[in-house]
Amino acid sequence: MLSVRDLTVSLGPETAPVDIVAGVSFELGKGEILGLVGESGCGKSMTSLAVMGLLPQPGPRIRAGRVLLEGCDVTQLQPWQRVVAGHGRMAMIFQEPMTSLNPVRRIGDQIAEAVRVHDRLSGPPAIDRARELLEQVRMPDPAMQLSAYPHQLSGGQRQRVMIAIALACRPQVLIADEPTTALDVTIQVQVLGLLRELCNRLDMAMLFITHDMGVIAQLADRVSVMYAGRIVETAGVEALFGRPRHHYTRGLMDCMPSRNSGARRLPTIAGQPPAPGTVGAGCVFASRCAAVRETCRTAAPPRAEVSQGHDVLCAFPLDGGEPR
Amino acid sequence: MSRDGAILWLKPFIARPIALLGLGILLGTILAATFAPWLAPYDPYAIDPSIRLTPPNALHWFGTDQFGRDTLSRVIHSARMALLIGSGVVMFALATGVPIGVLSALFPRLGHLLMRMVDVLMAFPSLLLALGLIVVLGPSVANAILAIGLGYMTTTTRIVYGLTLRLRMETYVEASRSMGAGTAWLIGKHILPNLVSPLLVQASFVFAFAQLGAASLDFLGLGAPPEIPSWGNMLAESRTFITRAPWLLFFPGMMIVATAFSLNLVGDALRDRLDPRFRQLFSEKG
Amino acid sequence: MWSYALKRAGTTAVTLLAASIIIFAFIHIVPGDPIYVLLGDTATPDQIDALRHQLGLDQPIILQYLTWIGHVLEGNLGRSIFFQAPVLSVIADGAETSALLATMTMIWVTLIGVPIGMIAAVRHGTWLDQGLSGAAMLMASIPTFWVGLYLILIFAAWLGWFPSSGYPSIFEGGLVNLRYLVLPSLALAAPNAALILRLTRASMLDVSREDYVRTARAKGIRPWQVVVRHILRNALLAVVSAFGFTFAALLSEAVVTETVFALPGIGRLVVQSILRRDYPVIQGVILVIVVVYLLINLIVDLSYRLLDPRVELQ
Amino acid sequence: MNGNAVLDVRDLKVSFSVRRAGRKYQVRAVDGVSLSLAEGEVLGIVGESGCGKTTVGRSIVGLVRPDSGTISFKGTDMTGASLRDMRLNIRMVFQDPYASLNPRRTIGDSVAEAGDINGFFTSRAGRSAAIAATLTAVGLDPSFAARYPYELSGGQRQRAGIARTILPSPSIVIADEPVSALDVSVQAQVLNLMMDLREQLRLSMLFISHDLGVIGQISNRVAVMYMGRIVEQAATRTVLDDPRHPYTRSLVAAIPKPDPSKRILGAIETGEPPSLFKRPRGCAYAPRCPIASDRCQVDVPELRSAGTDGRAIACHNV
Amino acid sequence: MRCDLSVLMRGAVGIATALFLNAQASAATLLREATIGEPPPLDVMLTTADVASVIGRHIFETLYALDSTYTPRPMLAESDREEDGGKTIVIKLREGVPFHNGKEMTAKDVAASLTRWGNFGARGKLLMAAATSVEATGKYEVTLKLSAPNGAWKNLIADVNGGLAIYPEEIAANAGNRPIEQKDYIGTGPYKFVEWRPNRYVEVEKFDGYKPVKEKGDGFAGARVAIFDKIRFIPVPDVGTRVSGVQAGDYDYAEMISGDLYESLSKDQSVQVQRTNAPIFGLFFMNSKQGILKDNYKLRRAIQTALDKSQALRVAFGAKDLWNAEGSIFPKGTPWYSAEGVSGYSPRDPKKAKELAKEADYTGTPIRLLVSTNYQAHYDEASVFTRQLADAGINVQMMVVDWATLLKMRGQPEQWDIFVTHHSFSPDPLLLTFLNASYPGWWDSPEISSLRAELIKSTDPTARKSTWDKIQSLIYDQVPVMKVGDAYTYDIASPKLKGLNPNGPVFWNVSTK
């Protein structure tokens, strides 16, 4: 469905590029939910924007790699160009439902706008379709809300509208960039439930980006962990949470308070991620890794498939024997 | 300010050649004003009716005016008046606007009253306000500064008020308050230091527009006394000669434009330096 | 909405009242005396006293204010000492010129400022944008009267395309007389168009960085649709309020322009009345300008609220 | 409540006037909250955005003027008093490590600020030494004293923010979401630091957070707030393992557990969040509550003691 | 809504059409004159402002008018005779002269006008202070009785500027000291007042009932024939604008053009240059009432000795054709020309000035020079003199104010030591402002008092001339004023106009080629 290969996104001049996303590859199958997890600054949002063709101008650019949607290269195309080229079946929802909707236009118009492009409908049929989409995202009283303005809705409702807009694109792939981070937990659980249900029902693939391991565990089928612009581990969700093989993934899970509640002290990962552009030849995690060895600092680690569908970017992965 | 801070301030200028040009013109003006007696080829007051209204030539690069005075020398000496008026207006605007704005924001009741008064003053278009004041006080350099400054006092007050209201809500100010800091502490340690950079931006714009305001007053004969060389006075004196001697209007006018333009450029660059978005371009958000 | 409008109108009225006191107070501490101007150099003290009494200038100042403001409320701004005519009619005579000049200037400002600002924003970062922005900055740094003098020199004296000065009413010469206002309005428009240009550009750039613009792009609509439907409208909201401000500011900026072009507008009226110490006219003109200024601000404020649905209408 | 309470808040009410569309609304942010903090105890306050938990903390440090109620420190009422002396005893850690440090002041100046304001330092040398010691205590190198906030990472800033609250050492720290802006790995470091300091300095702490995981980690006791009121209060374990109030239940249930084998999505119903402008007449939670009865629509339930370990619940139906 | 719009559109088109048609309709001949500014009320009796009298003399007329040599000739008067050794003046009026309101002018109108002028007129006191009675002694005969003869009476009433304009009786009698209102702008002149639109224009229109005198037009005297149907006096304060306006054809005539443009305009095909034949002269008044210059004739002479007036004249007036460094108060060619004392006029001798100042015990105290910028020439002269005086060690401080402020300040003797103004050509010494002891400057030394009395009393031209010689000599001795020099103003006009008047802007007898 969606295949991303060696995607590299860079800032700065052509002559001395700073890679903020370095050689990211992943595959997304039909109806599959791939979680992309990482801490702030690891490049996960840039990856999603690059895949969607929405990198801000001027700013970062795709320096290398390809984005293939159903086998077609859409790497350098913006969404409208994809629509024109017939590869527009991809949509995206964002972190801040508050600011992601145009404050001076009605909900219905904003949905219908996407309907017009993707369904070639206009006038009342487009509005009908918009209402239908609001129903699909479980918006209470959808007919009324068509004429509402974003500020009249609650945060959860706004995110539902965002999802409706995304659905209007009839996407095969939905990219969700931290869509619930700004929401309260009780609302988050509703939105996450809705997203999973829609994926199932519409047979839609989803790339779900978050920093929250809990959310990933609840939602994803497969998980990729990102660190300093690279995917360091990819696995099925059960395998990843059951037997993390990368030291970073393991560290990340260990330091979650809810996993350790009541413990006297939380395990931590020492230090902080390297700034983009300061990465040397060795492993990006070397400076923080508890099990670092000399070769880690000098040679880039290989990507190793430690088990079926479980890749690790580490020269000395944790052994998979002991489940956590 | 630390050395790094100084580099940060210079960054927007280095990044933009046109801003550097502005800085250059500004420095040139300051130098001209400082060293006017040495730079000017002639006494700017020396009258010689026998060579009046000569076009630019090798002896008088900018020509001479109706008194036979050397225009170049007068243009150079006028830089003093430009800087005097500009800095005077800026100082007046800051000296009045900052206390009023800060206190208004910190003491809402007082602030309500003061800001209403500022509103009333703002209802007078600034040039009208300046004219009225000049007529009351009589034309002089000090009064021109006061009259133009009053218009910018209101805008400065508004800006300071808005900034202080925002600063007051800043977490570090709240943190300070939560530790028992008094008003004087808050103003001295938190609010004023953080007003410095936006006020620097405001000051450069005020400086720029004060040039234009002063020129207008001079032109209407209500600014600096006409015997003092200033670009506005030179324009006012020679406007009748526009067909006979167009160069007389050209050079002083160009100087006003250049000064105002350079200050605007500098202000613009500083504002971009302040604008967080400018820097956000270089740091990725999660 | 109506309650808000009423409230805003109320504060406007209070501001106006305060402004009227300032106007009155300012004018009456002016040195120089209309009597001298009126009677000329040879007036005797007796003549002066008699005329002063006759004009009510010998009464206590508070009484003069109350008399004045009372008449103002009745729509009577007094009589011009100089013209021997009602102030209102003197102002009305200048109002046509000033209003047309301001309108024409605003048309230039809009036609030049907004589209070019848009182009600069859309071509953000290119040499075209830098050129246009730099030119705008330069325009904003030029004194209007200087532009005016050179416009006269070039287009009136040398080329003869437009009249150099004056303005006969369109009610006397027809719309062709608008040609008298072309040069002055251009001179006046130059810095203001530059400011609007910069504002439009900045505002469009601000908006184009908004998340909802990204949302719109993600929908797959075309770039020009993104600009028109999502950026422009939101950006123009900010420009609209600047328009009101500019329009009102024009009335006073016109003081210099009207002087240069010898236009019979209220800007020049105020300068000349100051020179003649014609108190009633000065008071009247400033009051009228302040009223117009406040009214325009009120209208802009209210229309802004109508345009922006974030402010709930009740 | 408790005789040995260092902090005792009684029936605190705070409201704000909010302007909307030219109208003024009175919004009750805190509607009768009582709580007490024992010496050395960490009390967690948990709740979703807008529930008033931050306002409680801000009232205690004097940033917000309460409408009514009392706040006493070691038996002395502080409401409306001159607060100079109290200020060194009760200190606050703020959420945003980027906003809580003045960008124009050095870390050292920020850390020493409480002492500077209150005339704590007697000599320059003593001040420098105290700053260095405090920075070391929070795990920062003393050389950080001369740096500016923009030179620090988020975790370092929050350490500096904590350092500021422990020089000179207070009795009570109010921590308002101190780790929610931090990445997980950094969050753990900061939580560890806070736990260490609490022990070393024998601090009492009011820990405000929306994250039950974090609360569970650090606090002894938890108070759950909903729309300005405490709806349930008990020892931490009790609340997390056996929530009683229907709101607490849905809150606990909604936490995404980092365990793919325990998926809850679609299994729980949590209802729409309340509007601050339309407060229900009865129990504020009634419109979302699965077990609401008629009484709940009209009658506001009081917080009443339920059970042995100090548990209290405000619900008619449990 | 759509329907409303179309109605609106149609309305707009209608208005536009009407406006364009209107533009073509104005076929009557119109002369547009650019004046230096907005005039004060056109009550020419009260005001001495030139702007007002330029317009006023088209509307109002005087009993006598000055010809091109500035000799009074009968205008509304037919003839006159003096009785009682000059103490009684009997003036016979022309018959059948109508006012603009249709009424015929009679002796009653003249008597009422004379009375008002005597009481309130700007220059009325000069003659009428000595009047004992004014009577209409016939329908067309007025008799004025004086307590003492006045040799200058005819000159005093011949100019409309602050002078004896003849108003209808009821208007003159009722107006008092208040300027007459616009509806009362009724005179006997060849043009009648139409409307005044403030800051726009004053418009006058041909008076069909006008009765010219028989003599040929000469200066202001003689037959006045209105050829243009209408004249508009348009205030254009900026001189550059006035010039380019005439060049561009927006105005037909523009007053008071700056001297520096004279040469280029003289060569310019698109305009014709009209130089006046009577010079004006700049005056620096010394404060004789108070301050450092009071009775300090030596210091005053020191000041005058330091000056080179031709420099100032050149700066202020430009082209050599336009000025004349003339020490005689009255220009050459006039009966009052005198060479007495003129050696002190412009010596430019800083050394001698220094000595004189030293003798006068001058120690560098600042001398306050009050000057306005409204008249560029005043300011130019003051600037040059200040510089020249500085070279002679005399410390002059310019106080630059606007004209209105100057008028007020000059009345307060403590405010200034010297002030700058100018004087227009006057046909008789008695009309000179500095001979008036109540005029700011307040020159009233015993010497001038007696000479002045002599000048008034005497009616014999030769005796009066010799008195004037003594006065001019005294002026260079006591220096109550310093004359800067004679300056000829000039106007420009469209090359199409012919019949322009060298006495000043006057548009009767003016036509297009």
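We call the chains A, B, C, D and E, going by the order they appear; numbering starts again at 1 in every chain.
Keep in mind that, in the parts below, a contact is a pair of C-beta atoms (placed from the backbone, for glycine too) under 8 Å apart; a residue touches a chain by one contact, two chains touch by 3 or more.
A quick note: this is a predicted structure, and the numbers were derived from the prediction, not measured.
Shared contact partners of chain C and chain E, listed by label, are B. Look at the CA centroids: the one farthest from the centroid of chain D belongs to E. Of the two chain pairs examined here, B-E and A-D, the one linked by more C-beta pairs in contact is A-D.
Centroids of chain D and chain E (each the mean of its C-alpha atoms) stand 88 Å apart.
Chain centres here are Cα averages; for chain B and chain C they lie 23 Å apart.
With centres defined as mean CA coordinates, chain D is found 54 Å away from chain C.
The residues of chain B that reach two or more other chains are 138, 239, 242-243, listed in rising order.
Within chain D, not a single residue touches two or more of the remaining chains. Among the residues of chain E, those touching two or more other chains are numbered 238, 240, 243-244, 374, 402, 405. In the complex of the two chains, the chain E residues touching chain C come out as 16, 19-24, 26, 34, 37-38, 40-41, 46-49, 120, 122-123, 125, 162, 177-179, 181-182, 196-200, 234-238, 240-245, 247-248, 250-251, 374, 402-405, 407-409, 411, 433, 436, 438-440. The residues of chain D lying in touch with chain A in their complex are 48-49, 153, 155, 183-189, 191-192, 195, 210-214, 216-218, 237, 240, 250-251, 253-261, 263-266, 268, 270-273, 275. On chain E, the positions that touch chain B within their shared complex are 238-240, 243-244, 258, 260-261, 264, 311, 314-315, 318, 373-374, 376, 379-380, 383-384, 386-387, 398, 400-402, 405. Contact residues on chain A toward chain C in their complex (touch as defined above): 52, 54, 56, 58, 78-80, 82-83, 88, 91-92, 94, 96, 99-105, 110, 113-114, 116-118, 149, 151-152, 162, 165-166, 168-169.
Chain C makes touch with chain B in their complex at residues 14-16, 18-19, 22-23, 26-27, 29-31, 130, 134, 137-138, 140-146, 149-150, 152-153, 157, 209, 248-249, 251-253, 255-256, 259, 270-271, 274, 286, 289-290, 293-294.
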